[in-house]
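Both complexes below contain chain A, partnered by chain B and then by chain C.
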Partner chain A sequence: MLSLFLIVIAAFFFTGIVVRTKSLASGRKGPGIMQPIKDVIRLFKKGAVYSKTSSIIFQIAPTIYFSSVVMAMLVVPFGQSKGLISFNCDFIFFAYVLALGKFFSIISALDTGSSFEGMGASREALYSMFAEPALFILMGSFALLTGYTSFQEIFAALHIGSYLSYALATLATFVLVMIAMIENSRMPIDDPKTHLELTMIHEVMILDNSGFDLGLLLSAGYLKFAIYGALIVNLFVGMVDYQYAIPLFFIIQFLMAVVVGLIESFMARFRMNHNAQFIVALTSVSLLIFFGAILILGKFN
Partner chain B sequence: MIDVLLIVFIITLFYLSIANRLLSYTKVLAVQGVLLFFVVFLQLNEINTLNLVLIMLETIVFKAVAVPMFLAYLLRRNNITREAEPYLPNFVSLLITTAIVIATILLSNSIKDTHLDKMFFVVALSTIFSGLYIIASRRKIITHVMGYMIIENGVFVLSLAVGNEMPHLVNLGIMLDIFASVLILGIFLNKIGDVFKDVDVEQLTNLKDY
Partner chain C sequence: MISTELLLNLSWATALIAIVFIVLVKPNSKAYIAALASVITALSTSIPALQALGGATSSVSIFAGSFLGSIPIKIDGLSAWFILIINFTSVTGAFYGIGYLRSYQNNSAKLSLHWSLYVVFQLSMVWVCMLQHSFAFLVAWEIMSLSSMLLVIFDGHKPKTLKAGLNYLVQMHISVILLTIGFIWVYATTGSFSFDAFSTFFANNNNIWLFLIFFVGFGIKAGFIPVHSWLPHAHPAAPSHVSGVMSGVIVKLGIYGIFRVITFLESDFLMLGEIILSVSVLTGLYGILNAAVHRDFKRMLAYCTIENIGIIGIGIGLGLIGIGNNSPLLFFLGFSGALLHVLNHSLFKSLLFYSAGSVYQQTHTRDMEKLGGLIKQMPKTAILFLIGAIAIGGMPPFNGFVSEFILYNGLIEALKTGDITQTSLVILSFAGLSLIGGLSILTFSKTFGVVFLGSPRKKLHTVPQEVSKIMLFPQYIIVAVMLLVAFFPRFFLNSIQCILQDGLKNIAIFSSVASYSDNIVAVNYYFILLLVVVGIIWGIRSLMVKNREQQTEGTWGCSYVAPNSKMQYTGKSFSKPLGKVFSFLLIEEKKYAELSDGEIFPKKRKYVSHYKDFFEYYIFNFVTQRIVFSANYFKFIQNGRMQSYVLYGILFVVLIVVLTGLNVLK
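Moving on, here comes the complex of A and B:
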């Protein structure tokens, strides 16, 4: 229950901090921290325009996308307190409820009949497909390491002691940050600032959405970032008391937002054909985490 | 701590398989040298001090500094183009390297020998095989030398696993290192990049015996 509030609060500020970091890094003052939220509120006041060629799928897809992200948010725990929903193997539920939302956004992009949106949908599907094994091998090796299968029990039992587990936590943080970047279509994979449809991935899929629907899609994006940030926080605050854990949550979310902003300021987007190999490299790294988990358990020697 | 360093060592192999430029190959070789330096320091705590100092000097001087810098110098001097030009796309290279690592883990898991340190065994075997793969899949002679350096790092890791019992093996590994340096010197002295207008090994197939 606690995690729900914390994630929503973090989502309010996350994208604002990213935008502010980017503008500070490029020597501008930039918009206020709350500007993305104001944009969403403005969009929520508007109605939506639907093309005559699109069907009911295009109209319901943003709602399903947003609700799938909210469902995924309910599963995420915080330290010792469970998420609103918690059951065995809920990380599989987490991954596939997000995938359901993504599926609907892909078929709604195909539904518009625009060739650009079909292209963006195909890229998004490919990249999420490559990112999926990385997440599952990561969570699977944590499940193996702790002997539990639900998010809350895994994170509560995960305690960092030896050098090897420090290395595994670092690698896991890296993999999770990169999966968050892929899922949100941010910089090394996709450039949110680009104005050329041929180089877009996520932006080109939502070109036809307007007004209320666009607001839903944007706010789902903000929430997604905060959800992945919360997962990373959970790696570190398993056993910590609340009076330290809650400030730590906001500090780590803030740091992650700054890191995302800095990456977007100082890196160029990868070439499209380099994206796939980069994402598969994440899978290889999570295989190493799996290997390290086996080493810690002593099943290897 | 040694496990952490060795896992980072495997990550450098993954990076090597998707690296695009020859300069990043030399940087990865330097990083591997530094990693091996620390592994030597932590692992070989039972051999005599003089030998340890010799081995550590060799890893930091030859593996981490001299050879990568010399390779980078060769790249500039012989006007070798900066791309690696693999036969296969990098994506396939990454998949093959990952498959190599998984295969060595499975292989070493099936060995029932208590004397063998499995971690070293996995890292050494996967390094040797990915070095072989890099030699087989890249077009230029200089990349063949780099692949040989990687194999040689793998042999060194394998010798470290038994280094406390048999320090001679580590010294043999160092001999291999110096031999490889002579190999690079050969490229340098023969100015292969200059003499053949391009250093493509394809042209070696034209050599005929009359």
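Moving on, here comes the complex of A and C:
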């Protein structure tokens, strides 16, 4: 339960912090931290414009996308406290329910009959597909290491003991940050601030959404970032008491937002055709974690 | 209580009577007779099957002359599971076929042949699952292959269809050769044609080779790589209700065969399990990769069948590893995942083939690049296809997730037990299965999006309309059963537990399995929760937007003012980046004429691009070409001169006489 509140609170500030960091890095003052939320609220109050080409799919897709993110959020634990739903292999449910949302966002992009949106949809489908094995190998290695299979039990049992496990935690953080970047269509995979439709991924898919639906899509994006942030926090929190764990949660989320802002300020986006290679490389980092895990378990002899 | 023997006799008697009637009645009622026969056959064989699932295995035997002796017929849990799946899919196929073939009313002979064969086809499939006698099994198997081949070439006047049929026929006979070798081997060792002889054989001999012969033999039917190449030809060529049944159940009979042989295995489980697991993951990946790039939507579905056979195979492999590791939990998770996925796949794949068939019937094209925006004209078909697409992608809240979830659980379990070789293999399979999931989302979002969404890409000769009720009805029934599996998985898992308890190797299923299956069946609560969340948000949305102004405008075209429907993203371009990444496996063949030097005013020209099957293109075509090449050297033997043939005859007779005289032949 606790994770739910924390994620929602973090989602309120996360994107604001990213935007603020980018503004400061480029020497501007920038909008207030709550600006993204204000944008969403404004969108919620607006009417909508629908494309002539689109069908019912286009109207239900944002709702299903948002719901899938909410369901994924319910699975994520926080330290000792379980998520609202927690069962063996819940991380598979987590991945597949997010996939459902993605499926609908892809077909809603195709529903508009726009070539730009189709292009974005194609890229989104490809990149998120490549990111999947990295997450699964990561979670599989943790399951192997700890002997548990649900998010909460895995994270609770992850002890930072030997030097090797420090290395594993670092690699896992890297993988999770990168998966978060891919899933949320941020740099270096996708540039949310680009102005050319041909080079966008996520932004171009939602070109035709407006009003309430766009608000849903944006807020789902904020939540998604906070969810991945919460997963990273869980790597470190483990069985730490709440009085330390909760501040730690916000510190790590804050740091992650700042890092994202800094990456986006000082890095250029990868070339589109190198993205696939980059994402597949993530899988090999995950495999490193796996080999680390079997080293720790002493399976090599 | 009606005796099993009577019911089984009823099943074949129905088929014979039905064939007579089908030939005699008017063209427009042939289909109804066939559907009725299909229902009666289904009922008469499902009753003993249901009893068997309840734990009452029924066995009878038929006396078939002095050569064959008595033929044992047994319906145990495993047969029952497949019989029920066969019957359900065949009945829905028959009803769908009534509507699908309605436009062929003027071709009475063709319809008679088609529907008679359909009845025989269903009967033979059911009997394949019951016969426990090698020879009788092969006869039923052969009837099944032949009848399905004739069903495939319904449109026999098209050379492509005929070629696909011949391809199927040849490959099925390679499969039969392997099966025959296997059966003869067992017969030669044990002296019995009965399936019980397998136990004796496996107990006293090396298990690996005989099992592998059967695995390849049945694998051809099932469509494991590299022996899958009949599927992508036969499925698109067949009429859609036949492709639905073929893809839904006939490939599953290959799986049945593999399962049946597994029940007799005695040793080497671990190694065989690892072999099957590796082959299956590769099959799954290969199938879905090809499905992602093809533009013929029925061929796409055929490749997707290969993918799902891979997923089922992962379960079988895990189950075998479970026996090898002596882990009841893994045994249960692997085999139950496989069996449940057999059911699930037969449901959503037949649904997808039927709805794809509806599209084909209305538009007369299987090329998705010519379609678009069909959701407006055929909303029900579109929603049915969408449900099938979500389910086959393994996404909640449909049945595909349940079986894939069990398999993921199995993979995690296999990860924890076993040595480093197994762990490494399993983690790669784990990643492979997740990649398969991601790819199937790409494939089906592309297919659904291109066929049903957007605007029409090409003007069709007739305006597509929603198909008739008799074609929609079977699809609704399938969706209902899919929802049953998704929301009441306990019922199905309990049946599977029964099958596993008595049918397969007797590993004591201890209590941990029961608690584990509790954990699995609990997913239906999360499905319900998901639906509730969707409902709440949709409710809020409806309330919020009720009084807002809504406008309808053209799609945002980035300020370009003259967009047309040809500018939409095509399916080909959607999957092109994927095709590029996997270009070593997905061979693209392009045909186009380059601009020649000095061609200032280019004329209209064509550009064709096709994806070729890696194994067919590089391996089978190569081998057959070499065979044909070397066979050319022996052409002089068949020279068309009667004199030479008489000479061959004389030479043969002389040879026999001489060899007998020299006591070489006895």
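Criterion: the second predicted complex is superposed on the first by the 301 of 301 C-alpha atoms of A that agree within 3 Å, B and C clash if a C-alpha of one lies under 4 Å from a C-alpha of the other, contacts with A are read in each partner's own complex, and residues count from 1 in each chain.
In this section, a contact is a pair of C-beta atoms (placed from the backbone, for glycine too) under 8 Å apart; a residue touches a chain by one contact, two chains touch by 3 or more.
On a predicted model such as this, the values are computed, not experimentally measured, just so you know.
Aligning the two structures on chain A places chain B and chain C side by side, free of any clash. Which of chain B and chain C touches more residues of chain A is settled by the count: it is C.
Using the contact criterion defined above for the overlaid structures, shared-chain residue A:Leu126 touches chain C, although it does not reach chain B. By the touch criterion stated above, A:Lys102 is placed in contact with chain C alone, chain B being left untouched. By the document's definition of touching, of the two partners only chain B reaches A:Leu295; chain C does not. In the superposition on chain A, A:Met200 makes contact with neither chain B nor chain C. In the superposition on chain A, A:Ala276 makes contact with both chain B and chain C.
Per the superposed model, the minimal spacing between any CA atom of chain B and any CA atom of chain C is 6 Å.
In the three-chain superposition model, chain A touches both chain B and chain C at residues 276, 283, 287, 300.
Interface residues of chain A, counted against chain C in their complex, comprise 44, 46-57, 60, 63-64, 66-68, 70-71, 74, 85, 87-89, 92-93, 95-97, 99-100, 102-103, 106-107, 109-119, 121-123, 125-126, 128-130, 132-133, 135-137, 140-141, 143-144, 147, 149, 197, 207-208, 211-213, 216, 273, 276, 283, 286-287, 290, 294, 299-300.
The residues of chain B lying in touch with chain A in their complex are 1, 3-4, 7-8, 10-11, 14-15, 18, 89-91, 94-95, 97-98, 101-102, 105, 109, 118-119, 122. Listed in rising order, the residues of chain C touching chain A in the complex are 372-373, 375-376, 386, 389-390, 393-396, 401, 404-405, 408-409, 411-412, 415-416, 419-420, 423-424, 427, 430-435, 437-439, 441-442, 444-446, 448-450, 453-455, 516, 519, 522-523, 526, 529-530, 533-534, 537-538, 541, 544-545, 548-558, 563, 565, 567-570, 573-578, 580-581. Remark: chain A residues 163-164, 166-167, 171, 274, 276-278, 280-281, 283-285, 287-288, 291-292, 295, 300-301 touch chain B in the complex.
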